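Common to both upcoming complexes is chain A, partnered first by chain B, then by chain C.
Moving on to the complex of A and B:
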């Protein structure tokens, strides 16, 4: 080769390398300029969707806007919140009552919106408490928890609170099987004594009030997740279960031996009928149903003592087992109600069952066995198709309403898009990292808004600025409006997001309350004007009826309080103006501050321990003279003769 | 009076019934903290908020500048005005029935006087609220008073107050115009 040609070749090689290098690099920061405009919600304008994210171990629900990923509110549900006084105020404490006493924390997993005709109706949000089995109901006009109901004969209320098509029921299945009723037995007697339960909680159509209608006793497996049917499958709910081995130790090995576990298909219409016919048995069970009255601004606890239990042996046609590959997790029903998608977390395929085939198999008694009165359907007779190569560790599936399903794969950390009917994978996108649930607005309903999918991830590692060993939890917004999924946004979440729900903003926005009407305030300790402000004493119990309005408390000087008194401050916010809360605290308050909305009353207990002068003040910057909104309490010795006076 | 004139006078008198269903004046306040708006509506028989609790909230805000509370119950004009409007309706009907042009003329003169007196009275109430301030108020700006304008806008601290006639007043004006046109046409036809 001539010297000149060699130089040309070298230049060409360098040039080509440079071009290739640039091309390969452009991939890492790819096309996010376009994404930015898709998630940008201009100042002062509103998001397209409300998203409700479970807080996991925070016990709460957080409210976000989509597509911006902005956090609006943390709704206190199962955990005390000193920021608002939830679980500390006398009025809210009963919401955390259980048969095991006051339990100020829980593990909140699956928010589920109420539905009418299988579509979101924007009335209530339900969420399960996993640890001490409970279900909470949140009112979507106030974004406050208005009811918590405990589930007896259960431990680990994980497969909950998935609603039926018209919110006739909220379901609850127990993750940990335990003796039913509870008793003191050796753990090794698991197979003999431990049982699972599947509970149906009736929801009042108008008030939303929840009542435990009946429980079905099932074999002692671990019941994991659930979804109720819709359309043709309206009468049914589906519950995954694992540990059909009924192991009681080292489950990661011992519960992973069987090749197949089960989806329990429950005909709740049939169960309802058996319950009405008296086929069930009332057994004693202690549990609490706590209701918050919005006009009294106050929760009360109702203690209940028995529950109706149905046994599959006495109720033929009520429940069937559908085999499903190895240790399933999620079970999801497509918008048509025909396909039941299992998430076999250790399986190599996603099995999709057919509801119509299931009914045929039941009619032709195509059973391969029976466990405790529950017939097992033949896998091959019920299966509609298997999604091949779906990613490793498929967990949950949501639907876009356009014939596609989106499955999260935990191990391969990706979302896999596949087509219903052909079962072929058409697209996949990585999640950062280890996605658990995923959520499409309305993606579990008959009417999905298939514009975005949100990935709810378990690990974030290097995605954000590090904050020591404990890192933020994270969600990712992905555009699914085109053929290819496209990552738009990462945003941090409160606690660990398990499941989430989203609903078009205009369905809730118009109903969102601005204030509580003072004239409707029926709290026994409320006052409706400054003239009613007063302090009363009976024995060592002191009640301060305190008014708060811009920019003063009345009374603001109180004398005659003694060491050891139980002092209840009942603060009524007299404002009727939008977004004018007042806060209350007093030096040495061995409790939490109270944040009181306009027209609301909250009560907080203070037990002074030392003599002296104790200032109290407004903690929410309410007005230009907020810093003047204060008062003093004089605390005298227990034996003093200081007269009770106030101004 | 022609048949057409009598129908117009009757129509115009009954039109005044509308004054009972719409406010006659409005005062709107604009402030950075009130994107949703806040204001007052003055009716012949009451003062209400633009929104349910606006009157209460405006009174609440006014306490900072020492303005006394606006209490509709303590304003006697609100008790008298409905009778005056009813009187005009009745007088109009009588004019039409008696085919009396003099009453039509008197009606026009009287309503103009009533309107002027009313406006002056409204100005005096505004003056009283705006000037008679509590000397111990939290906010005292030497020389600043808080009288809202009769018609138009004025910046009062962080609030921009805009005072304008409302539908009720337009009904009165429309009614008055019909009366005036009738009178003019009647006079013209007499000349011919």
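Moving on to the complex of A and C:
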């Protein structure tokens, strides 16, 4: 009897555990097998979206496909790249010039796609360099950096490069206030001497060329993030600020005292008008504007010496402060252009301001004070609603175009979905871990493609195979096509993915350049045909005009180079075929490899230090006879009489 | 079934009748070509004249010296890194090109080299001898026509 009971119990326990085991098992695997089919892009087929992710401290931009999470390219922007020669080749070096000299690295933060009528137009991608304030422009037909412009009177170019509705301007605001103009002062004189600036960089509609139009000098807070208006709010941009306490030490505590900080609302149309009317002052400021000419395959640096500065005291109606709870970070404008969403790191709610109420409050002068000529609007008069219980540490918000907003919550590590208008939270999903920005394709534009949201996470801990103390950071793709958000895919990122933007593949794919036309190559050291391949010497400077084609260099035997010569190899890839780059290096080259695209010319400097024979070769497997693509340089002593000869 | 048989017979008679009009040697040559073309999935025209934008025989007059120079210039910039006139280089020597190939074949090879190497028996043969895929050098139809004139001029001498 006892035995029987025991057996029954055992069977029951076994049965129950089997059920439980099955439940938990089927729960997760079914979930993800469904997810797998949603992110599977069959071999040889293309993704639905291009995603451009900031490389953070790598200084670059990485290009991924969505939904697969496959990495296609790392675009060199603010950092040298020995893999391609970016920032090492003579032609690309000027792109890294600043008033502080050649700066080979920066901290890249926010990729922003150009827009027309508030919708992505697929022309350019902008990204800010935070450390030595710069903004870069990337051409989306070549996926290459074509311009970098330095922002003077700035430090920590964080609130940048968010564009206005028709890319009239790219904005840039200072995270670190500094003396304007720069000078040697005690740090304790912060309140007296330190200022912030909000810059507007004019973008030429056709060429994309950027020019610093004007700067607005503002009180020395930390200006953090920005977004420009659209539709009814077309004329305006919004900038969050924190440290309204103007602390200059231990900001962690000292900049978290005030109950509210501010969103600076700037009427850039009005500012533009004041600038044209001569209300501004030109002050001296050194900065560089570097432009890459696609036909010359070459960048040049333009040094500039002054900038137009507008002071809010002289320009009424140009700028207002909207109070916002405790140390805000992101500021995002919904697709209609009516709602301005602030994300307060330390706030218990997400405040949503109303553009139309803001205009009414300005008209009725509903102010609660003024700082340095900037009226402060009354919070209650501008607020449209507050999202209650939005998660801890709300940072950034993107929109799906279907009436919902998605906010990242850093501390509680989740994405919170809420409804515009009712402000109610309708769904939430965990992010692994510590989400910063989030991104919906077109999610800051008038026309979002509300199919996915990508979480951009700072920490991964146990999510991947460990690689020692340094771990990858990551992105997570989440399906938002249904009522409930659903995690589909984790994928690692290059550097720290601060922000990202994505665009439907068909908007860019068709414009993607395949080659550079040889007949358009205007590089001063290019050669047009093998006949022009040659070596010239002037003093101790030697120029090798080298051609590369499958599968040889011309010339490939060079004698008469001397120790201490400055030898410039100017390599022209004579191919006109898609995806046939050639590489170049020579033994002892203490510079970088050159990767030369079809029809392109790149130059690299080599200074031989010892006599001997130095082989050079093609580093990018180009053909069946790639291993034969090589040459020799004979280096003689500095005093030798070896004649300069080549074949 | 009977009807089908009748139709087939009629077609065969007609075809044979057509063939009989030509000389035996020519028809034999044509049959050989047809067989070859069929084997490679080409038309007889393509077998003789290559696969590409040139789909019918060109009407060529005497060599037009005006465009020979343009053709030579294009050759020097875009072709000479692989082709010499009198020696084997990356690709074959080209002085006698017009003796080896029809004008239409030359233009199709310039304008459509990847497809040619993939599909045409002659181009396939060349690829086996010169193991570098000839590339499209971003030339227009007009450029190819000018190049053809340059090659024709080389054989005038």
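Operating definition for what follows: the second predicted complex is superposed on the first by the 617 of 647 C-alpha atoms of A that agree within 3 Å, B and C clash if a C-alpha of one lies under 4 Å from a C-alpha of the other, contacts with A are read in each partner's own complex, and residues count from 1 in each chain.
Keep in mind that, in the parts below, contacts are C-beta pairs under 8 Å (C-beta built on N, C-alpha and C of every residue); 3 or more make two chains touch, one makes a residue touch a chain.
Source: prediction; values computed, not measured.
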Chain B and chain C placed together on chain A: clash or fit? clash
If we overlay the two complexes on their shared chain A, which of chain B and chain C does A:528 touch? Say first, second, both or neither. second
### Task
Look at A:575 in the shared chain and tell me whether it touches chain B only, chain C only, both, or neither; answer first, second, both or neither.
both
Touch check for A:563: first (chain B), second (chain C), both, or neither? neither
Chain A contact check, chain B vs chain C, more residues touched by chain C
Item to complete: Determine, under the contact definition given at the top, whether A:625 touches first (chain B), second (chain C), both, or neither.
Response: both
Next on the checklist: Contacts for A:392 in the overlay, against chain B (first) and chain C (second): which applies, first, second, both or neither?
Outcome noted: neither
Superposing both complexes on chain A puts chain B into chain C at one of 22-30, 94-102 or 184-192, namely 22-30
Overlap of the chain B and chain C interfaces on chain A comprises residues 515, 549-551, 575-577, 624-625
Chain B contacts chain A in the complex at 36, 52-53, 56-57, 60, 64, 138
Note: in the complex, chain C contacts chain A through residues 76-78, 80-82, 90, 131-133, 135-139
Chain A contacts chain C in the complex at 515, 517-519, 528-531, 547, 549-552, 554, 574-577, 580, 599, 623-625
As the complex stands, chain A meets chain B at residues 515, 549-551, 575-578, 624-625, 628
